[in-house]
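Okay, so here's the structure we're looking at.
Just so it is clear, A, B, C and D label the chains in written order, and each chain counts residues from 1 on its own.
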Amino acid sequence: MHPRKSLTLALAGLMLATASALAQPTEIRIGVALEPPALDPTAGAAEAIDVVVYQNIFEGLVRIDQTGAVQPGLAESWTISQDGLTYTFTLHEGVTFHDGTSFDAEDVKFTFDRLLAEGSVNAQKALYEPISDVTVVDPTTVEFTLSRPDGLFLFNLGRGDAVIVAPESADNNGAEPIGTGPFAFVQWDRGSRVVLEQFGPYWGDKPALTKATYLFIGDTATMTNALLAGDVDGTNNFAPEALAVFEGNPQFKVLVGSTEGETILSTNNAKAPFDNLLVRQAMAHALDRQEVIDGATYGYGVPIGTHFAPHHPYYLDLTSTYPHDVEKAKALLAEAGYPDGFSATLKLPPVAYARLSGQIIASQFAEAGIELELINMEWAQWLEDVFANKDFDLTIISHVEPFDIGIYANPDYYFGYDNAEVQSLNDQLNATTDEAERLALAQQIQTIITQDAVNGYLFELAQTGVWNGKLDGMWQNAPVEGVVLRDIHWVE
Amino acid sequence: MNWQALRHNPSLLIGLVATLAFALLGVVSIWWTPYPIEQVAIAQRFQGPSPAHWLGTDHLGRDMLSLIMSGTLTSFVVAALGVLIGVAVGVPMGLAAGAWGGAVEWLVLRISDLTFAFPAVIVAILITALAGPGETNAIIAIGVFNVPVFARVARGGALAVATQDYVAAARLAGHGNVSIAWRHLLPNIMSLLIVQGTIQLSLGILAEAGLSYIGLGTQPPATSLGLMLRDAQSLFLIHPWLSVVPGLTIVFIVIALNLAGDGLRDAMDPRLRHQGLAHGAG
Amino acid sequence: MALVEIDDLTIAFSGRPAVAGLTLRIDRGDRYGIIGESGSGKSLTALAIAGLLPDSSTVAGAVRFDGAPLPEDERVLARLRGKRIGMVFQEPMTALNPLMTIGEQIEEAIVLSEVPDVANLVVPDLLDEVGLSPSHVGRYPHQLSGGQRQRAMIAMALASRPELMIADEPTSALDVITQRVVLDLIAEICKRRQMTLLFISHDIRAVATLCSRVGVMQAGRMVEQGAVADVLKSPQAAYTQKLLAASRMDRRPAPVASVEEQDLLAVMGVSRVYAQGGLWPWRDPPLRAVDRVDLTIGAGECVALVGPSGCGKTTLARMIVGLDSASEGRMLLDGVPYRGRDLPPGSRAAMSLVFQDPFSSFDPRMSVGTSLAEPLHLLGVMSREERDARLREAVEAVGLDASMLTRYPHEFSGGQRQRLAIARALVTRPRVVVLDEPVSALDVSLRGDVLNLLARLRAEHGLSYLIISHDLDMVAAMADRVLVMEAGRIVEEGRPDELFARPQHSLTQALMLARLPDVA
Amino acid sequence: MGVPCPMTLYLLRRFAGFVVTMFVAALVIFFLLDLLPGDPARFILGINATPEAVAALRAQMGLDAPVHQRFIQWVLDMVRGDFGLSHTQGLPVAQLIAERMAVTLPLSIFAMIVSVAVGLPVGILAAMRRGKATDTALMILVQIGVAIPNFWFGMLLTLLFSVTLHWLPTGGFVPWHEDPVAALRSLILPGLALALPQASILARVMRTALVDVTEQDFIRTARAKGLTKAEAVWRHGVRNAMLPILTILGLQFAYLIAGTIIVENVFYLPGLGRLIFTAISERDLVLVGGATIVLVLATTVTMLIVDLCYALVDPRLRGRGA
């Protein structure tokens, strides 16, 4: 071998060694399935936005932790008035936005004024509708006045929709987000990736990672390959069907956790024949929940019998209310006046769990005499048809909002359930802050909607993350949407 | 074309026999498949080939052989209807261009330029957005793609035929353009169209696979070879069989069609070799 | 001494011999002509000498060039060809590479011939020798006329100073006047260069003009060979005798019925004008393909229209039959005025056209009967019996059997097809038949029969003919009156015997001069 | 013949056709998009948004003006080079398209180069060895190449070169300005996947064209001049056979620019096709319209260039003016 060649080789080896030594411990590449359309969490509903920015770039007054509990965020502490109508927050000092502007109470007021303004495009505006006033007491103190007590108010403040933005940069957050979080936005190669870097002057504890790259990989097979090839270090939510590739592989860590997504067979209660309780009960009996879970989520979904997250303390296990019983279903249908069954459409949004569940449910319903026509739709069309115009018979969708049982108290909601008892129970639930009372009320509502078989309750969506075996600190559960980088670090 | 030609042309024979075999497999699925393809049986999923399931079962426990049969039918039907649209619209356009010439020809060429300028996938995306996903999209998208192909082939053939004296003789006999196009031009470009049709059919099968693969084509509970590939793609490392079976089926069908097309071209008219595949780029 | 010796040569394609047991000897300085009709194997024989037979052929027998068998090695054979044999082919348009200039193509031939001359000195010389100017060096084939292209081909063949020149039907794609010029050029060059010539033609008179020795081929066999004078004077083989007879054009007997006074067809001041210049039509004067032509045809009369290619005679014929419309002027058919395409169906039935090429005038996908019945459409609805009767009448009139009507065109020979084409022209019982080069696409031996048929039909049915042709001998044999056309105008008119005896116009004179002398 | 410069005339005529095509294409695209169901504003805001928020966003996006007014404005803006702002991303559409073109164009060119570099020699070799074993073997390979769906082939390539051998990335794209070598590396596998069927088609067409040309009279002339068959085909045949190839190349390039969507998905490349794909599902109609027009433009311009190349290569066209 020529001496010169060997030198080159040695140098190349050295460079490789240093590169890996430097790159490994503080940088991360995360694969995510969907690319956000923009990066402003206060102006769009897409989960993909929160996955990138929530608690990384942007922070709220409070933050939700891995267990779903509310923790101090930009507000280091707060007090709540006796009547539950006044919240006073004390803000951290010395906090700056990534563009160098400082953070104070005015920014908080700006954020919520903007959120609640007439022309606001905040997707969750309704959640913050109880806020009647935000007052700046001094630069580090801000006071919220509510029009009615709201048991979920603090939790809602911790959501991505209520992160604090600065008046200087708010309008550009979609393309170039400026927040107060531990990571600053570096660049967005559209269609490909978003790069974040640790923000040096961050006010809180420094995260272990110095750089994070989000790669957008929509195709499961491609994601699998990227993980196997080491092109990405992990993904927060991997398609369950291919998890077997990584299970038992010591190089990877498979994290199966919970989400707030109650996946239901949404039924148009306002439309015949679904306005008939017997029909809905027949459908509930026709459903083989376990088969749906096995087929659509490869067993990772957690069965639910009502519209509530199973890991929540208020959850009531009602899964055995309507056991799988085809004969019973037929009998109920006959009783309801459909001895030969009936036909209906099942409109499916473009998510794998819905499409697979749809096929399985159609097959199950066929046995009971209900012929389902599957109609696959894009999101935009689904939102218009099903959600806005309520033009549907059945659909399958995961309701990912935490603690969203209140939708059953809204007769205008898309599935058209109108029950005065549930509505009044929900009003009481919203108005009280007493835990025991809340638990009782919430469980009462759960029981009623299950008895009424408002929707077909299928499963709680699981979060199935696949990560490099040497990574630690990832959230196993997803009480809110987001991939929080704060605690993620490499271990030897 | 006759049996003699078939004997002297083994690739034509192989191509035709294989194409017919696959087509038959598909047609049979209209009346009979070993198992109904809508029938989901999660407990039975991911079985390897066995006497009960010759090609095993898929991720929903459906019989793979039944799916392949039904999928082959869908792929054929989608591709064939796409080609039919191309023929039904493109051929009259091309014949009109050949028979009238002048402004009509200019218009036809511009229209075919225009349709060509819209790539099939884009058409499929737009139609999907307009009407929701489904086979119809794939058919229309493939059809739109085929229109300029057949318009140009028909025009080229018609122009060549139109210079023949028998066309002038028909004119002398008082036949108008329509009648000439129907009596003389069309029959004489038929072999050209059949050959091109075979090639477009194979491209259509591939296009259907591609469109279904990105979710724009056939939708469950129906199935097509492309959709089977899509379903199996994420399971490739765990259950490669599910991807290999429909993948190879596509490969075999396309090869069979291409062999048949090449063979037909050679057998029918050596002159056609000039025009053939001129639009094979897509 | 023999330059080319062929011994018992057999060339077969998939078992079927195309040339069988051919023996031939060409001495140095000979000018050897091979005569034969299409498919007689004459071109294959020429290709065999140059080692250019298609790969699919199987060859038996020996070909010796200058005493040695053709080399086995392809490269050696190719270089031998390049240096010692020059070739000129029939169709100069397709025989030249369309993407290269004439200069480049000649230069390539010079380089390959390895003659130690400097190329750019030689190319102009060669062009000059074949009568092209140096400015043609940079032209592409499509920018030259047919005659110029053939000259370029000859220049290319001469580049290597070959000992043998093979000319395969070098003039049959050219018009009469050019044909004569090219033949003279070949003769002159051969004489000047002392070159051996192998000349292949279907035209016995061209061979007689050019060659010293002749071989007659029929269906792959050499039926007779010898000195031109001997063969032509006393042909031995029956086939040669037939060829010779067919090449003589005797005056067909004039119809019994006398020519009526009244004009059946009158063409009055008809022009056909094509706009030129595309976007700027005013920049270029329009092309007047037919320019204020007047002519009349009486009932029962046979009028011939002669002229070189491009003179407008076909355009005029297309307007007369109603395939194209006149830009100016009008026509009268039996008193019905028309401009061309507006010819009413009833009048269309009174006129018909026989095309030059019997192969393209029938739709291959239609039975001959259907094709023949097509013009009956002009006569309105017709019962099946009447239709069949008409078809039978027409087919029998041309000497064919009505049972042939169910067959398809490919089942007929060229001569039969031309008869069928004539039958189609008769099926509506027309009064005027326009004949566009009616026999020029036919083999020589068939021409006489078809002309006889035409003459007989004219006599029997009292038809008027308008014959479009460049063949003066045929015209002289058939026509009562001849019109000479040049650049869209009729320049001379008269009875054929008088006109050809004392041509007045320069074109008529040129045509007469280009006429190859009669054999024997 | 007559016109002083037929080339100019030809160019003008061709260009006029081009402008007409583009205008009609714009018309078709605009009205097709206008028909689409699904409200862009609602899509952005999601299922819990209030009707007021949706209405506010609609007004902000200018969706409330009459149709014809919006069409005229759209076309005029585009002629000036202004493609508008993307609804969802708030960025100029032109910039977004340009970013994607930086992937799609090099990818198409790379695939094109590979398919030419592989397809033409294979076709020529097969034509020269026509009927022999080499020909048969190559044509069998080519048949398979045509028949394999390119996305499936891409998948197999990734399994081999990325997952197993770790030679190349599984996908993704590093911007050119950051690391040109890495950028190029990320285009290799998708380029190969795209090139395989194209190369196969090219090889077939090349073989056929060359075989046809070989039967032409001028090849016989060239042999008569003293060239061997192979030399004659090489010197005179290949150039003439390139004429039909030119058309195919144009079609293929146009197809590549537009038709990479599927392969872009497999390799998660940020290409133009995927931009349209996501933009339409997000009902970002400004972006869809702009990107589609650009694709149509690319196809039409490619065909225009092919026609011009034809005129340059073929003296017959130059002389006659089409």
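One rule holds in what follows: a residue touches a chain if its C-beta (ideal position, glycine included) is under 8 Å from a C-beta of that chain, and two chains touch if they have at least 3 such contacts.
Please read these numbers as outputs of a predicted model, since none were measured by experiment.
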If a chain touches subunit B and subunit D alike, it appears here: A, C
Between B-C and C-D, the pair with more C-beta contacts: C-D
Inter-chain centre distance, subunit C versus subunit D - centres from mean C-alpha coordinates, in Å: 49
Length of the line joining the C-alpha centres of subunit A and subunit C, rounded to whole Å: 85
Distance from the mean Cα position of subunit C to that of subunit B, given in whole angstrom: 46
Whole-Å gap separating subunit A and subunit D, where each centre is the average of the chain's CA atoms: 39
Sites on subunit A at which at least two other chains make contact: 219, 221, 228, 350, 378, 380-381
Set of subunit C residues in contact with two or more other chains: none
Subunit B: positions in contact with at least two other chains: 129, 233, 236
Every chain pair meeting the contact rule: A-B, A-D, B-C, B-D, C-D
Touching residues on subunit B, where the partner in the complex is subunit D: 109-110, 113-114, 116-122, 125-126, 129-130, 202, 206, 209-210, 213-214, 226, 229, 233, 236, 243, 247, 250-252, 254-255, 258-259, 273-274, 276-282
In the complex with subunit D, residue positions of subunit A that touch it: 35, 37-38, 43-46, 118-127, 172, 174-175, 189-193, 215-219, 221-222, 225-226, 228-231, 350, 378-381, 383-385, 387-388, 401, 414
Contact set on subunit B toward subunit C in their complex: 164-166, 168-175, 183-184, 187-188, 190
Subunit A - residues contacting subunit B, complex: 219-221, 224, 228, 239, 241-242, 244-245, 291, 294-295, 350, 355-356, 358-360, 362-364, 366, 374-378, 380-381
Sites on subunit B touched by subunit A in the complex: 38-40, 42-43, 45, 59-61, 128-129, 132-134, 215, 219-221, 233-238
